[in-house]
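Here the chain labels run A, B, C and D in written order, and each chain numbers its own residues starting at 1.
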Amino acid sequence: MDWRKEELLIDVLACMLEGLGHVAVGAASPIPGAAALLARERSGGQLRVSVLGSERHNPFTDGSRELFDCAAQGRIDAFFLGGGQIDGAANINLVGLGGYPRSRVRWPGSFGSAYLYFLVPRVILFREEHSRRVLVQRVEFVSAPGTSPPEVYRPGGAYALVTGRASFRFDRGRARFLLQSVHPGETVASILEHTGFEFDLPGDVAETPAPTPATLGLIRGPVGAAIAETYPGFAARVLGISAG
Amino acid sequence: MKIPTTASELAARIPDGASLALAPDYSGCALAVVRALIRRPARALHLIGVPQLGFQADLLIGAGCVASVETAAVSLGEQGPAPRFAAAVKGGRIAIRDSTCPVIHAGLQAAEKGLPFLPLRGILGSDLVRHRPEWRVIDNPFRDPSGADDPILLVPAIEPEVALFHAPRADHAGNVWIGVRRELMTIAHAARTTLVTVEEIVPESLLAEDVSAAGTIPALYVSAVAPVREGAWPVGLRGVYSPDLEHLRLYAELASSEAGFERYLERFVLQPAAAK
Amino acid sequence: MKIPTTASELAARIPDGASLALAPDYSGCALAVVRALIRRPARALHLIGVPQLGFQADLLIGAGCVASVETAAVSLGEQGPAPRFAAAVKGGRIAIRDSTCPVIHAGLQAAEKGLPFLPLRGILGSDLVRHRPEWRVIDNPFRDPSGADDPILLVPAIEPEVALFHAPRADHAGNVWIGVRRELMTIAHAARTTLVTVEEIVPESLLAEDVSAAGTIPALYVSAVAPVREGAWPVGLRGVYSPDLEHLRLYAELASSEAGFERYLERFVLQPAAAK
Amino acid sequence: MDWRKEELLIDVLACMLEGLGHVAVGAASPIPGAAALLARERSGGQLRVSVLGSERHNPFTDGSRELFDCAAQGRIDAFFLGGGQIDGAANINLVGLGGYPRSRVRWPGSFGSAYLYFLVPRVILFREEHSRRVLVQRVEFVSAPGTSPPEVYRPGGAYALVTGRASFRFDRGRARFLLQSVHPGETVASILEHTGFEFDLPGDVAETPAPTPATLGLIRGPVGAAIAETYPGFAARVLGISAG
């Protein structure tokens, strides 16, 4: 069965949510959003999914601060963060390049990253572009640090990094990524070529399994229908589904 | 309180140099007032994103109305980065006070409580802290004294001079229904002046029944209300109308250059009759 | 979450020794569960008034279910002081941790935000501070360093193990509509377990429309819901039914003596069929 | 025109609210509540009145913390406090007598007094009983202090004390009450006899003026009708008005 790269990524991210109770997904994150909804389908509805951009899948009623309070209460198990730059210690930069505050390239800003990265136990870094431009030795601006000294209260932190080429796990103690699997078509050599930071290699690097027909059926069926409400453009372009 | 008033009169109540709390595109944006500010033109505004900003901030920045921005982000969402914001930062034309969502919420809640500061978990080690010398780190006074240090961030109150937003409806007493967009209630509590445009002014009191009162900002916190149909166009109003995606795409395209932005202003802002 | 469940099953989820956040008479009181706790009988509960307590606390204290009370007040309102509370304090049978409304709100908001403490203006010089060594006074870190001292109170988070209240309605997903009684949302956020009785369980989702969502605690914070008609009897439920003043007067009269209180319990609590 | 003592007190308290923008009244305070509503009538509706026990006259929609936040924002100009004991320095005791915490006589508790007394500019102390039992040299428990050292942030504080026998103004600088007027039937001697604390006497002590027919008309008319919703017992007993 044919599948698209986005469907593979949805599957990879969804597998990282297995067994959790509540995942929140930020606005403008169609692939993580679809992954959360796929994980919910697989859990038989046990996984609670809060999609922040959504009117239908966002349960919050106490204003935009509620997400942050909810995370601090320990009620959110997983969240996704991205980054204009991500470095090998899992620091992320959402602010810009070329000096600060007068940045040559200015991105939107840090959003809630500097908080949620500390308080959500399983933060999954996701960035489709896997290049030396994005995955750098050292970010130019630390929107949110990958690790903290032991005295800093930090029940949360990075769990994994998923890109368009590979999946990494993050070792918080060593502050380093470990290559977990390369997506079909990639090799350890291609990953090394396109990654700007050092990372650990296991003895044997697996290939990321392609999504099964059952998974593709869920993605193109109930998940696609649900995601079309919040990300109509994505659902139409990638999944061929129009909003109901 | 004068009810109803007009978008222009609301704009006149926002002096040049004021600190102005504004909501993101998904919350409630009083765009008729924003366009009136640009036509004036307003100058040296200090924008506060609650907690982030979108279309309306890019518009005000591009039009030269803004001196500084305190926000967790400025973005056009699905339409991509905010081009006039990025250009103004690059050109050094605005001062950017980068923050993060919960710091802004905490600062506004401190103002709501008449407090000089609130504490907050997380954030330590972010470069945001390095660039915001007014944030303080203390050792948690409640930690076990025999245990390890427990550093915690304190952030100062954020007291906007003016809060400006759009909401579905108000009543003749000036009570404003905002539904689940509770951050609008927080800024109404925190700000000295709260100016609101609404889709309609309804005859019955919004406080008469708890079903409507539960989503209502009492008139006590509201300085003036102007009815403006489609007042959140083009970003949309939750539960009432969707964003005008075609228009927002056109904006993103035009605003990617200075000249294109000027054409946008000319066509959609400076000629008020053409605004829709 | 199991929906619907029963008042007895909710009571069974409140272990002896638990800290239990309860609302005042004007807010939402799950009295069917309170009577079930007395019949068990529950022991050594730590009551937290949000921010004060009324009838239900006097009942639990008189019945010997309570070890301590942290509250801004215990009162029967128009029916006068709370007689079993006063007797238990005088007899040294409960530990009283006197507080004041905003300290309790601040403590619960600290828990809601996962914070060890919140600051608060006022209160300095009250004997409350002398008797609450866990409250701290610091010099405001944000004061002008060249200016005078600016002492400010810090109060620790209040994290109830259980929040228990009554509300007009819930839906099948466990979302609970509380209208303007927003303190109930705060305790649902702050507590580890939130148990709710409601007048009715409605078929449509309370989050489907913003008009109802604005007054709704999401199921995310709700551990179990039991439908109990007139579940707030005799103190009443805002917008639904009034207090049963005749009954409350009878209570105040009987509870003024130990023996009268025992007669009250026998007649209205221990014989569940007679409870109404 | 005949008048009742309660009507005089309503009038006295209402005069202290003249020209203000917003007064809040606690639950179970029918005389202050009626005074606030009388002052609103006289202001032509300019005075905003928030009656906490009321479903109709309570504008708050953010839970029971809103009153306190609202006061801290400087949006409440006047509030009423009582006290089981009130002393000559305006300290109030709402907790009890005969030791602490195991009090021989235990009252409900401090409610929000320790906060509102600091933050509301014009706090009016009201206690109908005027006796040496209530007006004492020194309260046994300070629920809320009458004055604070200069370094303590305190935009608010005591403005006056009104009892069933007299009105006093409070001098915050000197931390002493000044007798302002004695109610009809009382004399300076009777006030001295029944007051347990020392206070200042002006050269000439006025008698509190009786309520005018116009005032009585307002109290028994629109004010009574409005107060009957929140305090039906009081309205029926004192004003002869039953709830609508």
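Everything below uses one rule, namely that a residue touches a chain if its C-beta (ideal position, glycine included) is under 8 Å from a C-beta of that chain, and two chains touch if they have at least 3 such contacts.
Worth saying up front: this structure is predicted, and the values here are computed from it rather than measured.
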item	value
Interface with more contacting C-beta pairs, comparing A-C to A-B	A-B
Equivalent interface to B-D, taken from A-B, A-C or C-D so that over half of the residue contact pairs match	A-C
Subunit A and subunit C: spacing of chain centres that average the CA atoms, whole Å	40
Subunit A-subunit D separation of Cα centroids, rounded to whole Å	59
Inter-centroid spacing, subunit D versus subunit C (mean Cα positions, whole Å)	28
For subunit A, residues contacting two or more additional chains	60-62, 68, 72, 119
Sequence positions of subunit B contacting 2 or more other chains	113-115, 120-121, 150, 152, 180, 185, 213-215, 238-239
Every chain pair in contact, whichever chains are involved	A-B, A-C, B-C, B-D, C-D
Sites on subunit D touched by subunit B in the complex	22, 48, 50, 59-62, 68-75, 119
Complex contacts: residues of subunit B adjacent to subunit D	111-115, 175, 185, 189-190, 207, 213-221
Parts of subunit A lying in touch with subunit B, wherever the complex brings them together	27-28, 53, 55, 60-68, 72, 94-96, 100-119, 141-145, 148-154, 231, 233
Subunit B to subunit C touching residues, read off their complex	106, 113-121, 136, 138, 140-143, 150, 152, 154, 156, 178-180, 209-215, 238-239
For the subunit C and subunit D complex, residues of the former touching the latter	24, 26-27, 50-52, 71-75, 77-78, 81-82, 85-86, 89-90, 92, 95-96, 98-103, 105, 109, 120-128, 131, 148-152, 180-186, 238-239
